[in-house]
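The same chain A turns up in both complexes below, where it pairs with chain B and then with chain C.
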Partner chain A sequence: MALFTPSDVTLSEEYRMIEYPLLSRTAIEQEGLELETKQRLIPAPSVDTGSGFFLRDRPLQLKGYPVKIEFTEFPFNIPWLPPNVFQLLNKLKKGSITETELVRLMELVAKRASDHFQLTEGKFVAMTFHGQIIEVSDTRVGLLKKIQSRKYQEQIFVWRIGSNAFSGRI
Partner chain B sequence: MSSDRHIFEGHYTQGKPYVRAKIVIVNPNTGRQAIINKDFWIDTGFDGGIHVAQFHTSDITLIGVNPVFGPIGLAGGKTSPAYHCLAYLQQIGDHEFPMPGIEAELVLHGSDRHGLLGLEILKYWTSKFDGPNEFFTITST
Partner chain C sequence: MSKNRPEIKTQDARCGVNLNYVIFPIDIRELRHALAKNGYELSRVEGIPPPPARISFAGKIARKGETTVVVESDSGGIGVVGRSLQEVNVSFNELAKVIDSELGISLYENVRFYWCTVHYKVATGKKPRNEIAKVNNKDYIDQFSQILGEELSSFSVRLAPKDASPNRESWFDIAIEPDVTNDKFYHLGAVFRSPDRNKTETFVRDLENTLLKLIKIIEA
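== the complex of A and B ==
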């Protein structure tokens, strides 16, 4: 049986061959790009998003509950301290620290704290042995006046930034 | 005519300029005081205020003031832990300063019988040392 093909259909096929491939390729590419973008933004089911909810590519925000960024593991008010500091802190806690080790501990903590908080050289500071700054002053007397007879939960020490002692021989 | 006010003058003791001074430590919350009366060496090589032996710490803690840790630089470049608190210099020799006295850093360290008065105190006055005659004067302008 011979196939009959109407002339208008032939024309239409020819039209498709010339015009449609171009149009359809562009549309497919566009769809592909959109899909790729969405997949990149939406977290995969295996990704732990914590307690956050997502609607498509945006976090679901409930009315009156702004998105919060919480840093429970790395508090900003305490600098990172190297492991040898913690060894010395344990010794201090046990009361088995020597004078040399105590000076070394203060030196290490003060160095880390002054770098972390970018403290100006020559300032007098009071800080905890974990590097938390309690008070800062321009003078020794000013600093001691601020901390005199105040109660602190942790043991504190005083330091002059940029020096290896609070006071002494010149 | 000089407007200098005389504070102290005296001969050296055992080759060094010593003064008798009264130091007071106050608990600002309770008003309780601890008083230290002793001989102090005028030490122009010490950049702090007042230095006394560490055993005085127990008198200070009794009034509720807890001196805090802080390293002190010693002669020869060595650093040693010490305790620090705020104190008032109220008297040198017979000269009494207006109340509450001169505010200064008090360093509690070592076991020396005598104390030290450093530059943070001496900056308030003019001190003249006559080495050959072993005589010194302290005046304020």
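== the complex of A and C ==
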């Protein structure tokens, strides 16, 4: 059986032998307890199915680690971005981005946001450089009116969905 | 929507494979590394123990484009979820390529079964509630109506291979019913499982047309 026991491994509480209270037991209860005790003494490599971390037929709990890793949802308000976008975002952060690269960055982010949110072609959209949508409008003027008096923690830019033209940056 | 061509929207599509190993052959740390290296965004997670401790894992582990990689290591399952069956099929093949080249594990070998599930909304211009009722088995519906003291009609059509068991590797199940939130739409759900890769790919490729043909028969 594949087994590795680092020093910080302890048996989880629920699998430790439990001292049963000294109450009278029925014969069936007694039999069940004896059977369970016997089973614990039998090495059972067949149960080492890779789920968790096992010692004989009992799972071990690594101190400070869960028994199973459960992954959760991705934030829906930010689309997946390709690695080259992150390279350009780094340049933007450092202030070393060229005008051509900046337009390319906006183009890539707008395309990803458009796919992710299934935006309608022709709409004017204000978004962050991570693709989060701030506002949407049918016209450029309408959009600018919506966003002009607001303050944003991140830089935003305006893009017309479906076009390849840069519409503005705030 | 055109008068002749039904409007079909995919609500959710997923496909993948359940591997036939005693111990899930993919290590979570190696998988995450391989995916990150190939442009996937990883799901945030804490508490992954250091090697060589093995640990079960499940859920949405990474995403790329509009598809998300899902894993359930206890049952040996790995696949992708997305917005169309074609998209997830392409994405699954890409995932298989990454896992093969980076980890040396083929998702096409030692397979218990391939699987795909998909949910569509379809509008044909007709009222699904009325159309589905046409598929009534009159004898049974009359008897059911008598028992319930109410005039009844069928609410769904559910198709599965004759004599097959839903708890086996080879199975499919197609449900055609009115969409409960919008009576102009059908809800079509399909589940498919097979140990045969070619059979699965053919099913995926033809599914939308097959479902539209079924609706056409219902509405004839």
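We adopt the following convention: the second predicted complex is superposed on the first by the 92 of 170 C-alpha atoms of A that agree within 3 Å, B and C clash if a C-alpha of one lies under 4 Å from a C-alpha of the other, contacts with A are read in each partner's own complex, and residues count from 1 in each chain.
Operating definition for what follows: contacts are C-beta pairs under 8 Å (C-beta built on N, C-alpha and C of every residue); 3 or more make two chains touch, one makes a residue touch a chain.
Quick caveat, the model's predicted, so the values are computed rather than measured.
S.K.: Taking the superposition as given, does A:Met106 touch the first partner, chain B, the second, chain C, both, or neither?
M.R.: first
S.K.: Name the contact category of A:Gln153: first (chain B only), second (chain C only), both, or neither.
M.R.: neither
S.K.: Going by the contact rule set out at the top, does A:His116 touch chain B (first), chain C (second), both, or neither?
M.R.: In the superposition, A:His116 contacts chain C only.
S.K.: Just chain B (first), just chain C (second), both, or neither: which does A:Pro83 touch?
M.R.: second
S.K.: Just chain B (first), just chain C (second), both, or neither: which does A:Ser96 touch?
M.R.: So A:Ser96 meets neither chain B nor chain C here.
S.K.: Jot down the residues of chain A that show up as touching in both complexes, chain B in one and chain C in the other.
M.R.: none
S.K.: Within their complex, state which residues of chain A touch chain C.
M.R.: 2, 4, 6, 48-53, 62, 64-74, 80-83, 115-116
S.K.: Give the list of chain B residues in touch with chain A in this complex.
M.R.: 27-29, 45-49, 64-66, 68-75, 79-82, 84-86, 103-105, 107, 118-120
S.K.: Would you tell me which residues of chain C are touching chain A in their complex?
M.R.: Answer in residue numbers: 22-24, 28, 39, 41, 43, 45, 47-49, 52-61, 63-66, 68, 71, 73-74.
S.K.: Using the touch definition from the top, list the residues of chain A that touch chain B in their complex.
M.R.: These residues of chain A touch chain B: 99, 102-103, 106-107, 126, 140-141, 144-145, 147-149, 155-159, 163-170.
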